[in-house]
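Each of the next two complexes has chain A plus one other chain: chain B in the first, chain C in the second.
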Partner chain A sequence: MSRPDMIKDYQGLAGWSDVGAPVVKSGQLIETNAGWRTLRPVINAEKCVFCLQCYLLCPDGTLVKDSGKLEVDYDYCKGCGICARECGFGAITMEPEED
Partner chain B sequence: MEARKEFISGNEAVAIGAMLARPQVVSAYPISPQTIVVEKLAEYVESGLMKNCSYIRVESEHSALAAVLGAVATGARTFTATSSHGLMYMAEVLPFVSGSRFPVVMMNANRALAVPWSIFTDQSDSMMLLNSGWLQVYVEDAQEALDMVIQSYRIAEDPAVMSPIMINLDGFVLTHTYELVDIPAQAQVDKYLPPYKTGNKMSIDQPLGVCIGITPDLNTEFRYRQHVDQLRNAPGVIAGADREFGEVFGRSYGSQGGGLSEKYRCEDAEVVLVTLGSISMTARTVVDKLRDAGRKVGLFKIRFMRPFPMQDLLSLGDQVKVLGVLDKNISPGYEGTVFSQVNSALSRKANPPRTMNYVGGLAGREITTRSLEKIFSEMLGMIRDGKAELPPDPNGRVKFINMRWEDHE
Partner chain C sequence: MSNMTILNARNITNEELFFGHKACAGCGGSLAVRLAMKVIGRRSYVVVPANCMSAVGFMYPAMSFGVSGLCCPFASTAAVLSGITQAARQLGEEDYYVVGFAGDGGTADIGLQALSGAVDRNDRIIYICYDNEAYMNTGVQESGLSPYGTKTTTSPEGAKKHGANPIKKNMFEIVAAHNIGYAATASVGYPQDYINKVARAKAHPGASYIHVMAPCPTGWGAETDVTTQLAREAVDCGLWYLAEYENGEFRLNKNPKEFKPVKDYLTGQGRFRRMREQDFKIVEEQRDAMWAKIRKNWQTA
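The block that comes next holds the complex of A and B.
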């Protein structure tokens, strides 16, 4: 799944004009949005059979299969746990976030 | 159109000022005592006097400012007008416009808020929105109203300011009073006020998300930027706009190189009265009369409440012993809003004058020359041996003038 570009060091319009207005170039993000996650899904690659059930069910599309094995995009994963619950092989566990 | 003189009302002066500023979109909803502004602008658009302007009819003030917000977000120059409960109803949209740094110019006819319901003037409505992020100017007569509509676009659209402006006229007293007004030629206004150009807009070439949500990580920085632009940049831009206006049109309003306030006969004054809006005209005549009688009195006319003329207040001489603030509003349970603002500024002064608050002119109650004379003579009477003695009770510093009934104490 494609990811929107991030604007590093976002300062509104400051870079383009004299005005620091809170606007953003369309289709870009100024920050990731995973701040409220308390548990993170961790994939056990030895148990994963690449059935892609989790990939299909993740409501935020944060499971990435491009490398040939499943990975979680922690920048956007909200920690809902649907992937761990639906995994038929016990390959995903929810582990506490550490500060 | 050529320069000319016309005998017109304050409302018509605002409408003509708006026409001369060439807004591309006007959206407004009629409410007394602002209605004539809306009627006139609709007439100008319909009759072809405002050729490149779209007039959007709406069902409420909330929609009027929301429509203007949409228009200004595309880079259009916009105008709207309201009053009192109309301003309250559009209040939700005000910080959307100011926070987005959109230079909307709006006229507000100062009118009381219910209840007791009234269509007559005081400044409760705009004072309630001091924190909305809009610059606020209060004008004294129809000429200043017309001139400030034109000046306001220059100020609001300046890249160092980029903030909306609310131009306040006392309802009826100013909106419906007829005066001989100098109307500048369109060519002169065009020279003073070039078309609005900005990068802060939605466009096909550079698609933008506007009015975006920003989390606690970055939110404060935008509020701070808005704050310092108004605090540090706006006073200079306002002064410059006023000075250049004087060069082009022969009229300017601020004193001593600034545009935020005007000091009238304050040089050696021991007693100064602070006013805003049309009552300043009456106060001038009272100051003149008392000066003729040898009294050392002066007038400090606040033009802008945002940005606030803090430096101008601090530059009042140390010979000022008593400073009275005439408030046409009350923050119930405390004091007049302008009084709080003035005291806060003066607290930065090493030897501040003692201050009194006179609350009056609420919901159209007249403030006569006689009541102003009484205020001045009360303040002069507080000076003994070069020192001011104020009422010992802190609540006694806030006085309602022209009351029908005595205090209920």
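The block that comes next holds the complex of A and C.
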């Protein structure tokens, strides 16, 4: 995996004796950031030439290139819009989140 | 440089080692950290002093760094980096990197003496200063790297005076004056240039320093989607420069023939909203003086 998995229903610590100090495992995530978003980036696969400018410039690393095709990780995208602004081919549009 | 593969978006790893953090949407600092971590990789220790990245990356019980990391006192970033380097060496570790991410205040004001000491000892550390030109984490206060006219809570706008007064401290040359092995300036608006500078810092056997311009949409009063564009404009209008210092020589990586107007860059941001024509003139004069010096003394591209 190229990015950490979220721990679903994190139970918290059994007690302070478990840790002794506020220490956690690297890359431990317990919630998503999807709720921050008011606009969502949508990739038009026909216009995308896979130049990966958006991939480099995403502050959250939510553009995924693992499969050889560009995808958005909507669990962690905050909808800042940098990808859409920087895309030289107009392949990414920001669309309002529904509900 | 010739024997190193040039990194680009295609050959950089898919692995995200700074992921799921709680930075504001469009944060330039988190982009700088994310890209640097991709280059430095898993075999590393991260040190973050009091700044946004420690607030958004270490949200107990979440931990956004995919490597070992710790938060250290504000003034001690470089000292802690030195300590970790020594400790890892004593444990017989090889092939590890120690990297610190401090903000502009944590580098140029509060952490300056620790950085100076670590560079003087030439410990094998990578020190990355992400410069958003004020103390953003505590709610935008003026720092030593705030440029002329910046509106912050400690340099407010008013009838007689508005914004920060001094010129930006020249942190890059301060570090270079220590005769450091490798130092560079970069910008998140030029990500490829930045990641390759991080790769060079990684390969350097002694202390290395990178000063990366990372706009903050919250503190700069800009939309979240213009972060990288602002970073690029700052370079294009001559208010920031891409340069390296190695073997006692300064080298300019990008020498713009013509500068874009500073007015377009400044008026795009809420923090310079009170600036008038005479202020733009002062900024331009400062810029021209700086570039005259650079072009006279540095190797240019």
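Basically, the second predicted complex is superposed on the first by the 85 of 99 C-alpha atoms of A that agree within 3 Å, B and C clash if a C-alpha of one lies under 4 Å from a C-alpha of the other, contacts with A are read in each partner's own complex, and residues count from 1 in each chain.
Note that a residue touches a chain if its C-beta (ideal position, glycine included) is under 8 Å from a C-beta of that chain, and two chains touch if they have at least 3 such contacts.
Source: prediction; values computed, not measured.
Undergrad: Considering only the touch criterion stated at the top, classify A:V24 as touching first (chain B), second (chain C), both, or neither.
TA: both
Undergrad: Is it chain B or chain C that touches the larger share of residues in chain A?
TA: If we count touched residues of chain A for both partners, the winner is C.
Undergrad: What is the contact status of A:L52 with respect to chain B (first) and chain C (second): first, second, both, or neither?
TA: Second partner only, chain C.
Undergrad: Just to be sure I read the superposition right, which of the two partners does A:D66 touch: chain B = first, chain C = second, or both, or neither?
TA: second
Undergrad: Using the superposition on chain A described above, determine whether A:Y76 touches chain B (first), chain C (second), both, or neither.
TA: second
Undergrad: Tell me which partner A:E86 touches in the superposition: chain B (first), chain C (second), both or neither.
TA: Only chain C; A:E86 stays clear of chain B.
Undergrad: So, does A:L13 touch the first partner chain B, the second partner chain C, both, or neither?
TA: A:L13 sits against chain B and chain C alike.
Undergrad: With the touch criterion stated at the top, can you tell me which chain A residues are shared between the chain B interface and the chain C interface?
TA: Residues common to the chain A contacts of chain C and of chain B are 10, 12-13, 22, 24-27, 30-31, listed in rising order.
Undergrad: Would you pull the chain B residues touching chain A in the complex into a rising list?
TA: Residues in contact with chain A: 99-101, 159-160, 162, 198-200, 206-212, 214-215, 217-218, 221-222, 225, 229.
Undergrad: Over in the complex, which chain A residues touch chain C? Could you list them?
TA: 2-4, 6, 10, 12-13, 22, 24-33, 36-37, 51-53, 55-61, 64-66, 76, 78-82, 84-86
Undergrad: Which residues of chain A touch chain B in their complex?
TA: Touch list, chain A to chain B: 10-13, 16-27, 30-31, 35.
Undergrad: Where on chain C does chain A make contact in their complex?
TA: Within the complex, chain C contacts chain A at residues 9-10, 12-23, 25-28, 30-31, 34-35, 60-69, 188, 191-192, 195, 217, 223-229.
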